[in-house]
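To keep things simple, chains are lettered A, B, C, D, E and F as they appear, and every chain counts its residues starting from 1.
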Amino acid sequence: MTELGVVRRKIKRANRSAVEALGRYGVATVHEAMGRVGLMKPYMRPIYPGALISGTAVTVLLHPGDNWMMHVAAEQIEAGDIVVAALSADCVDGFFGDLLATSFKARGAKGLIIDAGVRDVKTLTEMGFPVWSKAVSAKGTVKATLGSVNIPVVCAGALVNPGDAIVADDDGVVVVPAAAAQKTAEAAAAREANEGDKRAKLASGVLGLDMYKMREPLEKAGLKYVD
Amino acid sequence: MTELGVVRRKIKRANRSAVEALGRYGVATVHEAMGRVGLMKPYMRPIYPGALISGTAVTVLLHPGDNWMMHVAAEQIEAGDIVVAALSADCVDGFFGDLLATSFKARGAKGLIIDAGVRDVKTLTEMGFPVWSKAVSAKGTVKATLGSVNIPVVCAGALVNPGDAIVADDDGVVVVPAAAAQKTAEAAAAREANEGDKRAKLASGVLGLDMYKMREPLEKAGLKYVD
Amino acid sequence: MTELGVVRRKIKRANRSAVEALGRYGVATVHEAMGRVGLMKPYMRPIYPGALISGTAVTVLLHPGDNWMMHVAAEQIEAGDIVVAALSADCVDGFFGDLLATSFKARGAKGLIIDAGVRDVKTLTEMGFPVWSKAVSAKGTVKATLGSVNIPVVCAGALVNPGDAIVADDDGVVVVPAAAAQKTAEAAAAREANEGDKRAKLASGVLGLDMYKMREPLEKAGLKYVD
Amino acid sequence: MTELGVVRRKIKRANRSAVEALGRYGVATVHEAMGRVGLMKPYMRPIYPGALISGTAVTVLLHPGDNWMMHVAAEQIEAGDIVVAALSADCVDGFFGDLLATSFKARGAKGLIIDAGVRDVKTLTEMGFPVWSKAVSAKGTVKATLGSVNIPVVCAGALVNPGDAIVADDDGVVVVPAAAAQKTAEAAAAREANEGDKRAKLASGVLGLDMYKMREPLEKAGLKYVD
Amino acid sequence: MTELGVVRRKIKRANRSAVEALGRYGVATVHEAMGRVGLMKPYMRPIYPGALISGTAVTVLLHPGDNWMMHVAAEQIEAGDIVVAALSADCVDGFFGDLLATSFKARGAKGLIIDAGVRDVKTLTEMGFPVWSKAVSAKGTVKATLGSVNIPVVCAGALVNPGDAIVADDDGVVVVPAAAAQKTAEAAAAREANEGDKRAKLASGVLGLDMYKMREPLEKAGLKYVD
Amino acid sequence: MTELGVVRRKIKRANRSAVEALGRYGVATVHEAMGRVGLMKPYMRPIYPGALISGTAVTVLLHPGDNWMMHVAAEQIEAGDIVVAALSADCVDGFFGDLLATSFKARGAKGLIIDAGVRDVKTLTEMGFPVWSKAVSAKGTVKATLGSVNIPVVCAGALVNPGDAIVADDDGVVVVPAAAAQKTAEAAAAREANEGDKRAKLASGVLGLDMYKMREPLEKAGLKYVD
C-alpha cells in the first residue's frame, strides 16, 4: 500500500556498471532487451533533443499543485541518480525549475523524469540538465502537503521502485528493475552486436523479407501479390 | 520485472468479508479511507450508470490488438473475482464482448476493469455485466501473442497485484492491496458513520465553515472579506 | 488583476425574472440570442441527462487539489444561485461531493458548474443536484491554500462575473452578463416564437433551401448540381 | 480529387434489403463480417443509448463553423438514408439541431453521423432522431461557404461513398461499401448463427480455451503455468 | 458582453518601460510576481525555441475557419504590440502565415499569440517572427464573418484586455493587466535579485531543506524518515 | 472495400516532374492550390524541423502493434516514393526505426508518413530520413497479421491512393491525387508568383485591408469603428 509521509533513506541501487552499460544502448534497444515491457507512456517528452542518460531512480510521490517533496528528495540524491517524480492525480503545473535543477545537479543527479510539468526550460537547456515531462508550464506550486520519497510509484504508466535503472533519450523513458539491470545490459549488448550486420545488409539493398526469411510465413498467412 | 507468457494459478485473494464490506461504501469513501491513493485515472468510465461492485483482482496483461490472454484469464476466475486488464501500450480496440462476458459470468466474475476498449455494450448492459473501460469500440482483436495472467500490472495508472480488492462505481475504480483490505474497510466504516451526522447538520443549513471550524485558519491564512 | 484571498459579499445579481425567463429557452437558444458568444467549452458535461437550470453566478477560484474555498463560497450562496468554480490551473480531482452538495442545496443553490472533477455522482443524481463538470473523479482534495470568492473568473474558456446569469442543460453551459440578461431573454423569446412556425413547415416537408431562400445565394456562390 | 461546390443528385444506393439485414446484426458483428475494416473512430458516440439504425449514406462535406451544406443535403435525402457529415478540418461546433432534424426526419432520414458537434440533444432524444457525433455543443454555425453533397468523404477516419450502407449502434459506426452490402449481410448472418451455440456453451461453463482449442497453440507459443 | 463587429481604435497600453522590464524576467518569474495568476494554458507552445518577447496586447476575436479580422487587426498595431487572437469556438486551422506576418512585422508587432493554428512556420522562423499557438496547420481560412478587434477576450484560458502587457517565452504566455505592469515589474525585479543568491547556495550543495528552513514544518506535518 | 492480405505491385505514380514541382512550393501553398482539401490532421508532426519532401505514395495498411507489412512494403518502393502507413485502429507503438529506415532509404524512399509512432528518432535525424508521425514511442511491434500494400488507405484523416503525390514539411502533410498533380503544380506556381508581389507591398507597410480591397465588404457586413 502506498505510504504517505515517508522518506526511505537506504535503497538498493542497481549495479553501477550495468546502469552505465544500459546508457550506451538507448531506450529502444533496452526496451527490446527487456522483452518490450517497462516503457513509460509516449507523452513523456524531453525538453530538448539529443540527451541520453542512464541512472538509478530516486522516486518521489507528489500531490497536484504541491512540490514540497522535491526538496525532501534532493537530500536523498547520490551521484548517478535520476529523480523520478510521480503524481497522486493528473496535474501539469510546473513543479520544477532552475533553482531545484541547480540543487539536484549539485547533488549529482543526471536528470529528472516527471509525470507533470516543468518550467525554466531555456535555463535548464543551457545548464544541460535534461528533463522528460508531460508538459511545460510556468505555473508554480505550493509547499503544503506530504507525499513520500523512495517508495514504489507509478510514473507515466510504469512501475518504478527506488534504485531501479532508468534510461531516457529522444525515444522516451524505460525502467529496468534493479535486479534485472545486468542481464538486460547483456541482452542489449547482444542485440546491438547483431544490428550492425543487419544494417549493413539492408543498406546494400537486401530486403528484410529475405534477411528475416519472411516470404514463406507471409505466403502461408495468405498474402497475395496482384498486378 | 514484468514476466511475459506466465499464468499464476495460485494467488492470495483479499479477505472475502473485507472485500464485501468495501463494496458497501463506494469508491470515494474507500479512496479516502486509503489516504487518497490507489485510484485509477478518471478516464475509466462505466458502460452503464448505477453499477457498484467489489471483488478480488484476477489480472491480465494484454498487447495492443490482441485479446488471446482474456481466454486464458477466464480459467483463473473464481466466484467474486473482478478481471483487471492492463495493456503493454495504449490501444482502444474492443478486447471484450458478449461472448467473453458470458464466459466470465459463468465463472463467477463480477465485472471487468479494462484500460482499453469494450464492445457489445448494449448486450452487456442487458446482461448486467458491468465494465469500466477507457473506450467503447467495435474493433475486434487477434489471438497471436502471449501476455500474462495474475502478474502485477499497471492499469489506468494504478498498480494492481493479483488478489487485491477492487471497488468500482460511477465515480471510478479504486485498488486496495489485499493486506490492507480489512483495515481499509474499518476506516471506511468509521468515515461513513461520521458522515451521516455531518450531512444532517449541513442539510439544516449549518455551514462547513462552522462545522469544520475553518474560520480561524482561513483568517490566519489571510482571507479578507470585502463588500 | 485576479485577486487572491478575497471574498466579495455584495454582488449585483442579474434580474431574477430575466434569469427565470432564460431558463425556459435552454442553452442553444440563449447562446443564439447572445450573438453566439458566452458559451463554455463543450468538454463541460452534465453528470446526468435532462437537467435544465438557470441562476445567478457565485464564482469561486480554486487551486489544483484544494477545495477550501468551496466552503467559503457556500456562505455566499443565496436562493437561486449557481456556483461557478474555476481553476488556477488544470486539475480533474473531485473537488465536490455529496456533503458539499447537501450544504449548497440547503443554502438554495440550483447547481454547480466546475471546470474540474466531481464525485459521489450517484448520490448527486439521487438528490437531483445537477453538476456540469470536466470530469468525474473520486480523488479528494486538501484545504490548504486561499483562492477567492465572487471575483471575475474564466471557467471552461468563458469569462464569468459574479451575478451573471448562467443557463445549463444537456447542450452545455452559457453565461449571460447580468446587464444583458433582460435583453437576451427578450431576444430568446422572439427567436423561440419564430421557431414553432419554422418547425411546422419543415415537418411538413418544406425544405430549408426554400424556407430560408437559399437557392439564389447558393447558385451565386457557384454551387453546381450534377447527375 | 475532392470537389467543392458540387451536389450529386443521382447516387447508387446499396441494396435495400441487404441494408435492412445489416441492421439486424449490429456494428460489432457487421464489422467482423467485413474482415475488421470500415469502422469509424471510437470517439463517435450516440447522443442517447439504445439506438440501432442501418441505412444508405447521403454524404456532405462541411467547413469549420459553417453548416450551409446541411440544407443542401436535406433535399437529397430519400426514405431510408442516413446523412454522413464530414469536416474539411476539425471543429466541434453544433452544426445540427432540432430544426434540421425535423427537416431530415420529414424527408425520411433515419439518423445523422457527424464528425463534429450537435446541439438540442434533449429535443433530438425526445424526437427519437439518433445522432452519432464527436461532441455536443450549443455553438451555432454560419452559412457562408460551399462544401459538397454526395461526394466521397472521410468521416471519423472512415472512407464513405454516397450510397454506402451505414450501421450505427451503441458500439459505434461502421461503413459497408454498397457493392459489398449483400455479401456482408450474409457473412454477418452466418457469424450470428454460429454465436448462439457458442454462447450457450460458454454460459454452461465451458472455457473458450477448450471450445476454441487454444491450449495447444498457447503451449506452443511458450505459455507457462506456475503455482 | 462580448461585442461582435466592433473595432476599438483607442486603447490604453501598459506603460512601455514597465513592459520592457517585464521582458527581462521571463514568464515564470513574472507569473510568480503576479501571485500565480494570468497564465495561459500550457498547450500554447512557441513555433521555435528561444524566443522571449514582451509587449502590449492588440486583441482580436475570430470565428472558426475565418481570419478576416486579422487584417482588420493589422491596422491597429503600433510598434511594440503583440497580437492576441482568441476564438469564439475551438478550431486549429492555420489562421496566420507568412504574408500576415510580413504585414504585422511591418507595423511593428513583436509576435503573435493565437489560440488556434498557424502555418508557414519555417518562413516565420527564418523571419524571426515568433508565434505561440495551439497547433500548426496548413489549413487555410475564409474571410466571411465579423469578429472584433480590441475587445476583452479569453485566450487559452486567460482574460486579456487590449493594452495589457504580455510576456511569452519557452515556458508559455502570461498576461499582466496594464494597471499592474509597473508593480509587477518591480516585484519581478525583487524576486530576481533574490534568486542569484539562492542559486549560488544551492550550487554549492546547500539543501533547500536548510536554506528555506523546511525541516521543522515537515516534521510537524508528520514526515518520517526510515532506513 | 478494403482488401486485407493483398500487395499491388503495379501502381500508377503521379507524374515525376509535377511531383518535383510540388515540392518547391511547400504544404501550405499546395493545399491552397488544391482548393483547401487533402490535408492530413495537424497531429502529424515531423521528427525534426526543416525537412521538405515531395514524392509518390506507396501505401501500407497496418494493424495495431504489428509492423509485418512494413517489410512487405519495402520491396514495392521505387526511387522517389514516400511510404504512407495507415492503421486499422489507433495505436502509437513505434512501428518504424533505424533498420527499416536504412532499408527504405536504400530502396530510394524519401521519407515516411505514419499515422502511429516511430522510434530511433535520433538516428533517423542523423541519417536525414524524415518521418511525419502521430507520436514517438520506443514500443516495438510483432509480425503476426496481414495488412495490405498499395491499396487506398485513410491516413490521419486523408484518403491516399497508391501513386498519389505527397508533400510534407513543417506545416504538415498534404495529398494530391495523381491525376491532379500537374494541374495543382501549375496552380501552386501561379499562386507563388503572385505572393512575392504581395509580400513586398505588405513589407512596405501597405495594409491587407487596402491591398485586398476589404474595407467596403467589411463595412457592408456591419463592421463599426469606435474610439
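To be clear about the criterion, a contact is a pair of C-beta atoms (placed from the backbone, for glycine too) under 8 Å apart; a residue touches a chain by one contact, two chains touch by 3 or more.
These figures come from a predicted structure and were not determined experimentally.
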Chain E and chain C - chains in contact with each: A, D
Intersection of contact partners for chain D and chain E: C, F
Fitting chain D to chain F on CA atoms, where both chains share a sequence, rotation angle to nearest 5 degrees: 180
Centre-to-centre distance between chain F and chain A (centres being mean Cα positions), rounded to whole Å: 31
Centroid spacing, where centroids are CA-atom means, of chain A and chain D in whole angstrom: 41
Sequence positions of chain D contacting 2 or more other chains: 36, 39, 42, 88-90, 92, 137, 139, 145
Chain contact graph, described as a line, ring, star, complete graph or other shape: other
Interfacial residue positions of chain A with respect to chain E in the complex: 5-10, 48, 68, 71-72, 74-75, 92, 94, 97-100, 102-103, 105-107, 117, 119-122, 125, 135-140, 143, 145-146
List of chain E residues in touch with chain A within their complex: 26-28, 31-32, 36, 39, 42, 45, 49-50, 52, 169-172, 174, 195, 198-199, 202-205, 207-209, 212, 214, 218, 221-227
Contact footprint of chain A on chain C as seen in their complex: 63-66, 88-93, 137, 139, 142, 144-145
Touching residues on chain F, where the partner in the complex is chain D: 1-2, 4, 34-39, 41-42, 88-90, 152, 154, 157-159, 176-177, 179-180
